[in-house]
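Two complexes, one shared chain (chain A), two partners (chain B, chain C).
Moving on, here comes the complex of A and B:
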């Protein structure tokens, strides 16, 4: 059995199946939806950070672009949800294309410029001057397409697709080329790998994933404000979950979301400062003692983590 | 109105220079991105607030106290974290993530200790009445903030160019490896620079209640974005290049606020992205480096 299929069947599919069955026994569907959303976002971030080494601090910009792409399509074009979802993904990809020149920057500069870009998009969308188009700071309401069951199902489909994609990135030709470009761009280029265009494709894939996540978020929540769609903590959560589990693996980000987002829901909702304190300490501890995440605990012992 | 906007811009520019100054020094010497810079500034602002409201100390007395305190805290913090970080392969990137964690810790602790309400210090403690200059009425607090900032820039210049420790600091900035090879105790020099960076952030924080409005534990993030815009526009890694970035930023901000107020918040972000894309070394990058 090819390794892509093996990884997807052993890790990806069970996760999707569990989240498909959980609503039958657990009533809080919004919480389950948020788990699915962060599973998607963490893998989307993994696609760019894990495989190219670029850390997008403003990843939420794509998420917000997707959410507003969906909202604008429903409000102004009266698009059905499925079409609006596609347009949401398209909006994020377009934003990704506009921001492609940022990939010229390295490391920290890229992260900061990306953060600034996400803020700029937020400030444009939330600007009162654009109230006729985006409803500015007053938020959008999409009650006409509200359908929690259908949108949860759509989120699961996206999750399944994203997990398959990351499994393919880990073992497929394209993903291996990306990883070679991440580890040593000069040697990879000498071996004939088009490092730059491969990176751009990974960047757009990652934007597409966040855009779809934003679109399905808008559909499921149906009433939201620019601050929620562009909340910086969305980027931060996705980054911390991915780092904690282990980037460039399929199961690492999943473990990160389940453990940390679970922890957040136990203690974080009532006293967010304590959770912020804990994950701040967690990040410091991770960087100093376990920079490759939980997965590296097993990898060090020679165990292959899918 | 134009003249007022320009003068206000220069004043704000001086203050934003002070905000970026410490961050740029730390980056220049250690190649470390201190994402917690804005939160250190926030702590300085809270220190000034409590020193004023509980002990009745004016900001002029609070400023040296905060600077000394932050300097002394910075030294052990450096040794605790940075040497270990420098061992890693991708230290610059990891430092960004690490200090992001530190920022979260500071913000959370500040929110737990101080609550999230907005605090301020009345402007009259810096003296009463506006300041007249070129026929314009300028807020006295602004002028004092700008003067303090200019003083800090001059002091840093004297330190870097007219003391032995400053000479060694510039050597480490120019090349870490060669500095190490020629026997410079890079960790001692770096620790000093790091602590000076924190002290400068603290000094900016003491005057933040007058320049940036009320103080909250969550203010660090937006301060950080402004600080990054300033040092990237100026030139990364060259502390004195910060002055150019600060002035451009301040004048740009005040002009935007005067003529396109709805879009003024966009300025730092667009300036930052624009300069990064066109000249990643900053506007003064090459020329200053060669000099």
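Moving on, here comes the complex of A and C:
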């Protein structure tokens, strides 16, 4: 069996199946939805960070663009949810295209510029002068399309697609070329890999994933404000989950979401300020001491982590 | 300089090449030519510009002056990945593997992306290439787990997987044991016999001696000698430069 299929069937599909069945036994659907949302976002971040090494602190910008893409499509075009979701993804991809010059920056400069870009998009959308279009700081209400079961199902479909995509990135030719460019852009170019264009494609894929996540979030939550859609902690969470579990693997980000978002919901809600502190410390610690996450503990022992 | 060095039918012509880093000229007007099946040695003390010469020919940076012509085409600022597909490839002084990928994936990627236009698929068998370079028993290992000599072999395997017409070799011999040195020299000689052009940067003159008669000696970004290795060791300027540097003899 090809490794892409094997990884998807052994890791991806079970996760989707479990989250499809959980609503039957667990009543807090919003919490389950948030888990699915972070599973999608962590893999979307994985697609860019894990496979190219670019860490986008402004990743939430794509999520917000998707959420507002969905909202604008519903409010102004009366688009049905499925079409609005597509437009949400498209909005994020367009933002990604505008931001491709950022990929010329490296390391911290890229992270900071990306963060600033997300802030700029937030400021535009939250601007009271654009109230007629975006509802400005007053937030949007999409009660006309509210359908929590359908939107939960859509989120699961997106998750399935994203997990399949990451499995392909891990084993397919294109994803291996990305990893080569991440390991050593100079020798990758000498091996004939168009490193820059491959990176741009990964960037747009990653933007698309966050845009779809933002769109399905808007659909599910139906009432939200710019500061919810562009909440920086969304970026931080996705980054921490991915780094903690192990970027560039399929199972690492999943483990990161289940463990850390689980922990957050058990104890973090009551003392959120400590949790932010813990997460900040965790990022620093991970980057310094365990840059390849939990997965690397197994990989070091020669175990092939899917 | 040999009289035919700028003749148009040579595969590679390097013409008064200049590369600056800030105000410093790492290459200060280097010229030479290389035909199919020829091996040209490039020697010189540390910092004389040998690696910079390979870097510029392979497209790591555009030249600041002069030109590189390959197979009748002036390359200018052409990107490395396009040069690979034209048939230019190289190894690196310190090996640069795709550390997190397996040895097999390293070579397969080069074969898939960098294969020279018109090279067909003959000899594109990555498994045979790995066996030839004594890497077959490591095929499933991550490249980062290889030792430095093995990583150099991997650099070469990856370059050869693209079926180059011009191979630029940067100090491949360093770190090989005598038996490995002999096999490596024979391997490179066989590539040249098969029609590949080779530019070989090497400190180990005995290794170079097995491969070619024709060498260029560089110092401070300039070519100070071209001729046979035996003549070079008797040339006063060459001897002075080398005795002043770290690599006497």
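Just so it is clear, the second predicted complex is superposed on the first by the 304 of 306 C-alpha atoms of A that agree within 3 Å, B and C clash if a C-alpha of one lies under 4 Å from a C-alpha of the other, contacts with A are read in each partner's own complex, and residues count from 1 in each chain.
Everything that follows uses one rule, which is that a contact is a pair of C-beta atoms (placed from the backbone, for glycine too) under 8 Å apart; a residue touches a chain by one contact, two chains touch by 3 or more.
A quick note: this is a predicted structure, and the numbers were derived from the prediction, not measured.
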item: First (chain B), second (chain C), both or neither touched by A:134; value: neither
item: Of chain C and chain B, partner touching more chain A residues; value: B
item: A:248 touches, of chain B and chain C: first, second, both or neither?; value: second
item: First (chain B), second (chain C), both or neither touched by A:281; value: first
item: Touching partner for A:222 - first (chain B), second (chain C), both, neither; value: neither
item: First, second, both or neither for A:235, with chain B first and chain C second; value: neither
item: Touching partner for A:189 - first (chain B), second (chain C), both, neither; value: second
item: Chain B versus chain C as contact partner of A:173, first or second or both or neither; value: second
item: Common ground on chain A, meaning residues reached by chain C in one complex and by chain B in the other; value: none
item: Of chain A, residues touching chain B in the complex; value: 53, 55, 101-102, 104-105, 107-109, 111-113, 115-117, 119-120, 123-124, 127-129, 232, 236, 239, 243, 273-274, 276-277, 279-284, 286-288, 291
item: Touch list for chain A against partner chain C, complex; value: 173, 176-177, 179-180, 183-184, 186-195, 248
item: Of chain B, residues touching chain A in the complex; value: 33, 81, 84-85, 88, 90, 92-98, 100-109, 111-112, 221, 225, 228-229, 232, 262-263, 265-266, 268-270, 272-273, 276-277, 280
item: Residues of chain C that touch chain A when the two form their complex; value: 58-60, 79-81, 84-85, 89-90, 92, 96-101, 105-106, 108-110, 112-115, 155, 158-159, 161-162
